[in-house]
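One chain, chain A, appears in both complexes that follow, with chain B as partner in the first and chain C in the second.
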Partner chain A sequence: MKSDYKRSRVKTIIVAGAILTALSMPAISQNSFFLNMLIMSGLWSILVLAWSLIWKTGEFSLGMAGFWAIGAYSSTYITNGLHLSFWLALPFGGVMASIVSLIFGPIILRTRTLYFAGITLAFSEMVRLSIQYMPKELGGGFDLTGIPHPYFPGIDFVGSRVPYYYLVLAVLLITVLVMWRIDQSRVGRLMEAVGIHVEPLARSLGIGGLKYKLMGFVIANFFAGLSGALLAHYWLVLYPDSFTMHQSLLVQVMAMVGGANYLILGPIIGAFVMTISGILLQTFLPGLDLLFWGVLVVLAIFFLPHGLASLEHGVSAIKLPWKRAKAVEIEDEGELVGAGVKE
Partner chain B sequence: MVIQSIVNSIMLGLSYVLLASGLSLVFGVVQILNFSHGQMYMLSAMFLWFLTVGFVPNYFLAATISVIVIAILGMIYEKGLLRPFADIFLAQLGVVIGLQFLLEGFAEVAWGPADRKVITSVPGNVRIAGAVISWEKVVVIVASIIVIFSLYYWIQRTKSGRAARATVQDRTMTDLVGVNRGRLWSLVMGIGCALAAIAGVLLAPVYLVNPFMGGMPLLKSLIVLMLGGLGSILGTAIAGIMLGFIDGFGYAYLGGVTDLIGFGLMFLILLIRPRGFLGVPLEIRL
Partner chain C sequence: MAILLETKKLTKRFGGLLAIDKLEFHIQRGEVLGLIGPNGSGKSTLFNLISGFLRPTSGRILFDGKEITGLSPERTSGLGIVRSWQATTIFGHFERTVLENIMVASHLRERTGFWEALLSTPGYRREGEELEKEALRLLDLMGLLEHKDRIAMNMPVALQRRLAVANCLATHPKLVMLDEPVAGMSMEESRDLLQRVSELRNQGYTLLIVEHNVRVAMDVCDRMVVLNYGRKIAEGPPTEVRQNKEVIAAYLGEEG
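Entry: the complex of A and B
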């Protein structure tokens, strides 16, 4: 008991330290390149956090870029098309992504595991194409320019990236808080109960699989939409090509590098590592980023199957594949599709 | 125009059938949705271009070499990267997705991101009922039909094909009757990648090739997979040809919006008949 108490105190200190560091980042440097890296990492972190909530319910969503795009374009429609305030557009992006996932979620969730992955991937591509061929008046088109900066009396969003950094940080902290609360709550445990290998058991106990999966899906996509809305008003131009399959898959790669089974720590670490390395490579060694990411994720899966976040247990988290080969063979032969109930 | 569209549609449809049957085979037997399938298609086309430019000027010889190389690559990939994670869902998907990035990055670093044109050994055109059809397209159609029929023969008549079909139906039982799981998986992965590679080398002279062209084939074959149903070559063939006609005529008369029709169809089939046209009832579904 005592060590638990100690552990939680250490955790509190670490979290507080991390938040303080994040708050004081602009004091270290106000270089716009540096802040750009942090802002993009924050936006990706929100997206990966949303993904990890869906993964908690046992589904492997490959459609995050689609909901990102929905958030970005719907919020832009509010500011650019209707000329309303950014502070209205930001939640609207999230709400719109939730509504879309509420409509399509039950259809998509008719499938499980690999089918779910394929369908969500196709869905995100469908969203991208729909936006691309949507008339300009409805906020679609090949390019969308002239998105206004956010406006708040007394804060200069135009001249400096610092206010935007704090905005992203605030949204990220809210996301983390919500995820953490869900994780601690009864709903969170129920979401875990309908997860990948145990759904039949949960159903036999009267826990509706669809209900909690849909709940996770909608909540997660709300945050994906929020991240999209922030992205749109950060970039100020939008192309449908920024939301391709590649971005969808990048979310998984980030989660996997960071540690997909950690709801909060893994996604944030993964997003920061991948985004910062990506931006640095694109700037200094263009053309190498894809190769680097690919090698990184394959290495991570081989040597750190639980991601970078598992390094919190020390070096022992590093697994050597040739030593593990035996263990896998002995491991349960349970089918990959064990999640499914046979008809 | 109409005849040209029909020929284009048949060509597209057959290449979709090739791609989707590879994906479907791997999905059914190895139980992994191979997200680097499109990259195998891309890699074979890029490798073909590399060979025809420098070493082997003959298109057919170079294409054969390229397909064999990709098939071997697929086997190594299954044995080295996927086998250690058999039945670990997340890690397998991670490897597959990571490999997509890796192969794309490799092609970009090795051959540059520019568009390339593959020179074919059969230049010129043929006139069919007033429409001008290039010989390349005829080659695509004939070769695809041959490959599809030999695939059908393999899966229906040979011992390993029967084992593959049995694995799709019931994995545990197939293990019990003594099918060598590992060897079968390697073989199937090799054949799956080879099918993607065949589609790649056949379509390479018709279109331009670049390292990023793997995305759309993957999505198209996903659509065909969902429409046709898992574990049925005939269903895949019907769905592939159908999508080929939709796309062939759509690209000619509507433009790029056509891609949406395929996705729309996929969601429709998911609503009204989730197993696809001729698929076996899925145990994955709930």
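Entry: the complex of A and C
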């Protein structure tokens, strides 16, 4: 009991420390390259957090880019097309992504495992192409330029990246808070209970399979949409090509490197490591980022099958594949010897 | 005794195979009914039909006087029919403990939803405490109280099966259907579990048990129904069924 209490206090201190560090980042440096890395990491973190909520319900979504795009383009339609405030456009991006997932979710969620991955991938590509061929008046098109900066009296969003950094941080913290509450609550347990292997068991106990999968799907895509809306008003230009399968796959890679079974820590670590390393490599060693990521994924799978987040249990989380093989051999020998003695 | 569940000319056809053939049987309130039959006789199909995982080709199922033919599993469990499984008996993933298993299984009695959970309202927390109290009572009933904090997946099969029964009870069911609850367990363990299960009758539960091990099943059941090739070949108290020639030919004779 005492060690539990101690551990939870250590956790509180670490979380508080992380938030304080995040808050004081602009005080360390206001370099726009540096802030860009952090902002992009934050946006990716929200997206990967959303993915991991769908993963919690036992499904593997390859369609995050589609919902990212829905958030980006629908919010841009509010600011660029209707000339309304950004503060309306931001939640609208999330709500639109939710509405779309509420409409198509019951169809998509009829599938499981690989078929789910396939159908979400196809859906995401359909979203991208629909946006591409949508008339400009409805907010589509090959490229969208002239997206306005957010406006808030007294805060300069144009001249500095610091306000935007805090905006992204605020949305990320809200996302984390919601995910944490879901993880702690009975609702979160029920979402896990409709996972692949145990879904029939859950249904026979009256836990609606579709209900909880859809709940997870809609909430997750709401945050994907929010992240998309933030992305649009950060880049200020949008191309449908920014939302391809590559982005969807990158989400899984981030989750895998960070630790997919850690609902909050894994996605954030994965997103930060991948985004920052990607931006640094693109800048200093252009062309090598994909190679580096490939190596990173292989290393993670080999040595840290549960992701970087599993390092919270100390270095013992590092698995050495060759060592494990040896241990098995010895065990087998032992059994053989034992059997011989018995005879 | 009043009839709790009955089937009328229930038929299920898989392509050319007649899995259940115009089956008529009933379960009385408060009894322990054993369902036995050789492999492939349609026991599991019957389970799936009643619990709603399969739709019957024709025929009707009545529960508590109401038509439940073709209702989804979520609906039938809401009405009070809950079943266990042969393979996946408990929530073993995510290192769930025994107590957490029951908390998940008591979902049907939860009144608060997503928003209350998100905001952690007093009502939500009070309900959590009530559910936990109830869960502990059920664990005590199944003799699992001392194991409440163990990780469910790491327990021996015998304890996992007990937990599976407790999971079913957590929904406050009217009819508990157990699909081979003692498969793969030793004779003593089987007897112990079935003893506990049959005692549930005194708590007001009605049970339907599919069992392979006829000897064990005969000890605890009030009445038995024997299936063969989707048809009911015998029905009655264990002592009678034991003497039935057709049953001996189809089942006991082979075993023995």
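What we mean here is this: the second predicted complex is superposed on the first by the 321 of 343 C-alpha atoms of A that agree within 3 Å, B and C clash if a C-alpha of one lies under 4 Å from a C-alpha of the other, contacts with A are read in each partner's own complex, and residues count from 1 in each chain.
The rule we apply is simple: a contact is a pair of C-beta atoms (placed from the backbone, for glycine too) under 8 Å apart; a residue touches a chain by one contact, two chains touch by 3 or more.
All values derive from a computational prediction rather than experimental measurement.
Once chain A of one complex is fitted onto chain A of the other, the partner contacts of A:Ala65 are absent, as it touches neither chain B nor chain C. Within the superposed three-chain model, A:Val298 lies in touch with chain B and out of touch with chain C [touch as defined at top].
Chain A has more of its residues touched by B than by the other of chain B and chain C.
By the touch criterion defined above, A:Met256 lies against chain B but remains apart from chain C after alignment on the C-alpha atoms of chain A.
When the two structures are aligned on the shared chain, A:Leu129 is found in touch with chain B, with no touch to chain C. In the superposed model, A:Arg186 makes contact with chain C only, not with chain B.
In the superposed model, A:Leu169 makes contact with neither chain B nor chain C.
After overlaying the two complexes on the shared chain, residue contacts for A:Val198 are found with chain C alone; chain B is out of touch.
Once chain A of one complex is fitted onto chain A of the other, the partner contacts of A:Leu114 are limited to chain B, with no touch recorded for chain C.
Counting contacts as defined above, chain A residues 209 meet chain B in one complex and chain C in the other. Taken together, the chain C residues at the contact with chain A in this complex read 51, 53, 72-74, 77-78, 82-85, 88-94, 96, 100, 103-105, 107-108, 110, 113-114, 117-120, 124, 128, 131, 167-168, 170-171.
Chain B meets chain A in the complex at residues 27, 31-33, 35, 81, 84-95, 97-106, 108-109, 113, 171-172, 215, 218-219, 222-223, 225-226, 256-257, 259-260, 263-264, 266-267, 270-271, 274, 281-286.
Taken in their complex, chain A has these residues touching chain C: 178, 181-182, 185-190, 192-193, 195, 197-198, 200-209, 211, 215. Residue ranges of chain A in contact with chain B, taken from their complex: 60, 104, 107-108, 110-115, 117-119, 121-123, 125-126, 129-130, 132-133, 196, 199, 209, 244-246, 249, 252-253, 256, 260-261, 287-298, 300-302, 305, 321, 324-325, 328, 331-337, 339-343.
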